[in-house]
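Paired with chain B in one complex and with chain C in the other, chain A is shared by the two complexes that follow.
What follows is the complex of A and B.
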């Protein structure tokens, strides 16, 4: 079983590498042999600029500095959204009063894209770091909340009844039954939220930023420097992939019972 | 096995859901250490009775006393085994079995001792580090039984615990249950719609009517153990109970 699993994992990795290699080859082919090459740089040019930007500053910082600012913004906004989202979601899933009060407001706010909040956020928090955190918070809060809500709602009532029969107090039922039972769903929400938080970084860095991966794209766009735009896009993609991988590893560790490959 | 001390006293138990009368003025006692089976047709309110006993439902009228006192889940050590698999999927077998002991704040060395004992009794030594998802149906039910016996309950309630198992597994688990009961002298109330199972396990059988549920008949089961399901006496009692149910 384990051997089979290892083989399956290796197979998946090979397919992933092949898919990415095909993507870059297709990109190189299109930009070399079609008219698209007149407006869009090829992967080699972008990769060269990407490597250079680790050593030569873009604006005030090298790529390391931009990465630091963006990751910090994403993590602050995301962690606050995750903590609050889990609390609000579980409250909605376990209390019909909380559900009746919070859900209608939540459903109303949920479809509004993070970028639409920019004018209000500037009005409320100015143009410092706080509005950037706020935009990322808005981008990730709904996914965590919705999944925590669904997870808490789907807790098997048999398990709650059984825990009660064994003398579990209401507080312990929350900690020992509701929370662990909802954990896979919460993780699924946190996984999606991490992606949306990282996507919201561009919107966040539209607010008076002088640094960050989103800012690199905006700077490239303002100066018609398409290779720079693509460097920003590639960096956001790669960092997003790394963060998602870390999150999946954490999920595997904390929810190992929820997988057949334990 | 049974002593004369009354463990559970049910007086005029009545339960309504809206206008629907489910349990209609039921009274009976259960003796300390007794193995009581309750049989009745599906939907007659057997589970409602157990849920009332465990305070998952409020009573409409009547009273249930354990050791002469109103039921208090914090005070009375009651374990409840359901037909559905009620293992906690995020806990390994051993942790599932220790759950009730830890909730009751039993010292950790005693927790380990009792867990080892019941794990050995139900033959799950090799599977103590498995998650429930990795176990078969019979193993899951054995985990639940072990968890219930680990807390050394003064009263064990079982609601058709083997209803989803095939016949050979059922026989095996029934024998395991009897061994545990004889060893621990726990009072057991076992609900089933399987008459053969009731005759095989019980010291006394309560036969319930259809809704609104009353006690149709109460009969002592004098068969010696181990019981032979093919013996003339066994078949006679089984047929007698079956006839009681057929009359509805």
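What follows is the complex of A and C.
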């Protein structure tokens, strides 16, 4: 154990670089020297296309345009879903009447995956921007609601009892006890919801759109342009990672008093 | 005490009644809005009665999407289960190995982190290009979607083994293999099951997407085809079936979990 202790971080980096280098070399090797190269492009080709797509349009827009559309859709649907989801979830967690009224309907709808809504939503709203917002909304709403609900439900009853005994008003109990103590749970829900939203936008764009990251990969597959598919996947992965990182940083800021030691 | 219990029971009955009323109101409003007032055309939102009729019709008839409801369910299950089982069988041992053996951890984890942020849906076009549109491509996509949560959760499960427990085992002369099987894996069990549950949900979602893009049978195909035919009643039947089967799956896994996981649940 002691031997590792000194250079543990350095060792980790070396191995990581080694692993990734091996991966790319193997990829390049297989595509240049075996039959797989006929169907699958090598890493150099993909990288070149990735750089190009920032300047040359794919379809109607350059990569920036597609990114702009995808991210805007996610943000609109997600923000609406988060706000509504938190309200509904907390209402269900704090009032037994709200719980009794909303829960059965919620449980009826919850198990349907957001993607299964796509055909119905397209039938309802056509093919503009609205159906995409709706699908992303559905995808994130259930996650946020469910987590806000469990968060508000699991508030330590002792804390509420204490506050009540000290004469706190109902409004203050809600604002100063219930809300803060369910915040970490709400954030967990919002994190899951954001990655679901990112997935849902891809699905929505693959099924009916003329722009966006999901459209890029579908276009690549329709024209058997595998480098384009891979470029799309790389971009999607990077954006997904960025969104998750931003969310985690926001959580660290806002819930620093309640760090769960995981 | 009995007074309190009585009140609790009364409360329970009252809230159950409210729930039932709420569901009834939901369906009544839906019925009135569609069948009586025709707020939306039938091809957009049919009445609940029409949905029920479509469900009964679909049980025995192949039109208009080329399969009875049962045939679609079987087609979807075949794809979902083959991909899911493969993902779990490969993913869980890989996660355990990554957490248990230092060198594998150092080497495989960066590669895994490279692939992980890409949502499974983004793999669909690539898989279709590689494997065609048969069972292979769909099973491969579901494999990816089930594989990733399985690896992450079994990795985290093994990593949370308390060193003290391992030291105890070591003191009593357990070999490293024995420590893995008697200490680390039982500790990881609850998280492994969480992984199985998450990946089941992911697999079922991804299946819908895969079938909507390329298939000629299955529930996802059924709802996608009925959209182009503007048959909202059949779409809703399909959606409810998808949701219902997903619920049955997670209930089944929950049963299995309570049987397999030793010790109490952590709060």
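List of remarks:
As a convention for this text, the second predicted complex is superposed on the first by the 218 of 262 C-alpha atoms of A that agree within 3 Å, B and C clash if a C-alpha of one lies under 4 Å from a C-alpha of the other, contacts with A are read in each partner's own complex, and residues count from 1 in each chain.
Methods note: a residue touches a chain if its C-beta (ideal position, glycine included) is under 8 Å from a C-beta of that chain, and two chains touch if they have at least 3 such contacts.
Remember, predicted model here, so these are calculated numbers, not experimental data.
In the superposition on chain A, A:100 makes contact with chain C only, while chain B stays out of contact range. With both structures placed on the common chain, the touch criterion links A:74 to neither chain B nor chain C.
Of the two partner chains placed by superposition, A:92 touches none, neither chain B nor chain C. By the touch criterion defined above, A:206 reaches chain C but does not reach chain B. By the touch criterion defined above, A:15 lies against chain C but remains apart from chain B after alignment on the C-alpha atoms of chain A.
When the two structures are aligned on the shared chain, A:124 is found in touch with chain C, with no touch to chain B.
After overlaying the two complexes on the shared chain, residue contacts for A:183 are found with chain B alone; chain C is out of touch. In the superposition on chain A, A:168 contacts chain B only, with no contact to chain C. On the chain B side of its complex with chain A, the touching residues are 54, 56, 73-74, 77-80, 82, 84, 86, 88-92, 99-100, 103-104, 131-134, 147, 151.
Contact residues of chain A toward chain B in the complex are 158-159, 161-168, 172, 176-177, 180-181, 183, 255-258, 260, 262. Here chain A touches chain C in the complex through residues 4, 11-12, 15-16, 18-20, 23, 39-40, 96-97, 99-105, 108-120, 122-124, 195, 198-199, 202-203, 206-207, 214, 217-218, 220-221, 224, 226, 229-230, 232-233, 236-238, 240-241, 244, going by the rule given at the top. Taken in their complex, chain C has these residues touching chain A: 11, 15-16, 18-20, 22-23, 26, 40, 43-45, 102-103, 106-111, 114, 117-126, 128-130, 201, 204-205, 208-209, 212-213, 220, 223-224, 226-227, 230, 232, 235-236, 238-240, 242-244, 246-247.
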